[in-house]
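For clarity, chains are labelled A, B, C and D in written order, and residue numbers in each chain start from 1.
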């Protein structure tokens, strides 16, 4: 518990990840699933970024070129990785959203359970 | 500063929970955009301004726009007073979680 | 450094650039370009295989001016070259063999988009196989996931869209878990290149620090990748996906994509965590149990299916189970068996999917069993190829499937008593079930029926690609000793 | 004055403005609501006509429940395990093990080797450029998937895809867009061009510019944004920029791996024309991203350009 409180940033990130994960897993509504996916990803990125943070350090943009001191700057690697990750998650969002639009135009609902029910009943038509 | 950060983190968690509990999809999308903005601020506080800019532009901007366009496309955000109560309920019901 | 060392890099960049070029081409031109590029990829990978076998050691290739541990790296050993050659051959042959179905299932204006995705998939696969950097692995894993989703949804019926949705959701859950594992691993080690991570991990293990986070990390990576490859409780997307997709997509998904994930897992187990680590031991036991369940459930479900596509799909689930049993048994022989089975399955499943599609087409378009009676008369060549695939899957001597089952039994026997008994029993039962459901189909297609309207056209693409698969099956079955030696030396290089 | 009042009233009543955006209003053939209703009824009838079949819903529901209970337990266990892992990790904000020779080289000699004052830009476009190359192809892949799903090729498909919203007649939006669009564009271009000197870079700048173009298209109609990015421009820019990116990076990978001399120099630190390949790569990425985002928006909205 003490460790959790000291690592509050990471703990919050993990809680966000788990909320997003369960939203993605349990919600039957496609849009909610997609938002859950985004929350899951941002939780992960927060987790990664909070690892690079050092108390009292600055962003890794060099101000004085002649005197570079390691301890002045935060770890730049997590930022670079997160930047890559954000692009991946926006691409995934776009694809899943367009799938949602397609599903809606076909089945007229966003609820996956209903979609399955309709698909099962109209199965024979499509062959 | 640390208190501010903790408050922001709590708000993030609150937003995340609200998204999965709220009934209306439009509300969920708007809460998600707020979530992204708060996240951008958190990243500025974590001394990663690159991520702050990107998250504000992508999470709140582009993802938000795409979500809203999708919502609009599937015709869920309209509120029309001429419509009967029943119709509206049906509408709200099928866009949202059926428990 | 020899010029050949550039080949893996060339193959990735070639794919990426030809994907860009395909977006301005028409469907037909894009197809030609893709086939050429894939043929070149096959040649590059085979040359690399020969080169690495001859030199007998692996080499690293720095992507950029700054070497390890600061820059990205590729790493090519015998095993990587072998895997890349197998995957590229399957990619090439599936695209070649499924040409008529691509024309049938995809509207003309969207056909070039399909080839863009295939090119990207080739790039992602090669990068995934060659990479030495775990985060690069994640990025290309996502490309692989998205392209495989894309080649599913291109057939624009409601069912494929639904199947693609389901597939993507499961895969994204898996990616999330895998990324969390990668992040934790970075936090524990501070590196992203595999051998540097391994160095820190073994230091941590020696001092006993962070034992719990290491275990959790291993678990997360295993869970993420096994969910993505469709291990037992998460195999439910398979029948819908494989059953409804266009045959090329189905054979690529089952033959190549899920194998790519598994190969990444093997690589991480060997090169990052180390197979002798206690954390890996625990994960292996879990994978073993789920693999066994997967074999049984997959085979039983395959028995109950009414259409041939879904039957083959469930059989895929069972084969994934086999591979995970191999990984779970662990040790030298277990991993050998798993890798050999990856190869076997990669060259057999596409053959089954493609020939089943031909049989279905010859019988009027419905893949339901009752419709297929007497299909061998209508399409004798495809029926022969289907029979070959079925024999190989069942484990008939002289085919690849026999050797991989043999390897599994050897791996089981050399292992501890409890696991070996269970594995042997499950192997026996599943072989029986396999034989039952495959021969039922084979007998059905050879049953004479009145409706004999022979297939009017000859499909050269299908003939060439299925002959290629047949030859590969025979090569793996008859020259298994040399393949075995290659795998063994590859595993030694991997560690 | 009278005209203004009329327009204000019209706006209050949510009437389409009679002066602005006429041509776009004309696109709506008949009220969407009716059509949706019709469609839903049709579907309902079709479902009702089908026999329910032999699926026993009781057992399916039962298994679903078992499955979801199991999944809830799994999620809960996962949360607890992950939280206890976090408690064991190094303390937040401390100088920790991940600060090693990796970080040291990036920070200390990053400027000298890449020419980028912004170390993050140096990492993503030079040290770990292969990741970033992959990342931009993820975006390309996403664009292609969206095109596959939403692009309309045949005219009979149009009915499904048309989108009925049009804010082009809204005066408030127009006036506020008039002020904000230039700012958005300037900011986006600044972020894009200064990627190696200050926070930002190709991706964020491109996303800002893309959002600006979307705003333009919402406020002033498709014609305005179409004049900026037509289908041809979109295709050309995407392909050329991606191909340039791929070729340029391949050149630097190839020379690096073979220890050849590269003609690219880092330049003077801090100047706009410095950072070797980083500036052109940022511009290429920014163009790809802006076009991709706008293209995706068009696909979602209309299904074509």
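Before moving on, here are some points about what is shown:
FYI, a residue touches a chain if its C-beta (ideal position, glycine included) is under 8 Å from a C-beta of that chain, and two chains touch if they have at least 3 such contacts.
Predicted model, so just to flag it, every value in this text is computed and none were measured.
The chain pair A-C and the chain pair A-D differ in C-beta contact count, and the higher one is A-D. Taking each chain's centre as the mean of its C-alpha atoms, chain A lies 27 Å from chain C. Mean C-alpha position of chain B lies 38 Å from that of chain C.
If you average the CA atoms of chain B and of chain D, the two centres end up 17 Å from each other.
Multi-chain contact residues of chain C, defined as those touching 2 or more other chains: 135, 139, 142, 146, 149-150, 153, 156, 161, 180, 186-187, 192.
The residues of chain A that reach two or more other chains are 8-9, 15, 17, 20-22, 25, 50-53, 59, 61, 77-79, 81, 83-84, 86-88, 90-92, 94-95, 97, 99-102, 107, 122, listed in rising order. Looking at chain B, one finds that residues 48-50, 54, 58, 62, 66, 70, 73 touch two or more other chains.
The full set of touching chain pairs reads A-B, A-C, A-D, B-D, C-D.
Of all residues in chain D, only 32-33, 36, 118, 120-121, 163-165, 191, 199-201, 203-204, 207-208, 210-211, 214, 293, 296-297, 300-301 touch chain B in the complex they form. Across the complex, chain A is touched by residues 5-6, 9-10, 12-13, 16-17, 19-20, 25, 28-29, 32, 35-36, 39, 42-43, 46-51, 54-55, 58-59, 62-63, 66-67, 70-71, 73-74, 94-98 of chain B. Remark: chain A residues 1-4, 6-11, 14-15, 17-18, 21-22, 25-26, 50-55, 59-62, 65, 68, 70-71, 73, 75-77, 79-81, 83-84, 86-88, 90-92, 94-95, 97-99, 101-102, 105, 107-108, 118, 120-122 touch chain D in the complex. Put simply, chain A touches chain C in their complex at residues 17, 20-21, 24-25, 30, 33, 37, 40-41, 44, 47-48, 51, 77-78, 81, 84-85, 88, 91-92, 95-96, 99-100, 102-103, 106-107, 112, 115-116, 119, 122-123, 126-127.
Residues of chain C touching chain A in their complex: 135, 139, 142, 146, 149-150, 153, 156-159, 161-162, 164-165, 168-169, 172-173, 176, 179-180, 183, 186-187, 192, 365-366.
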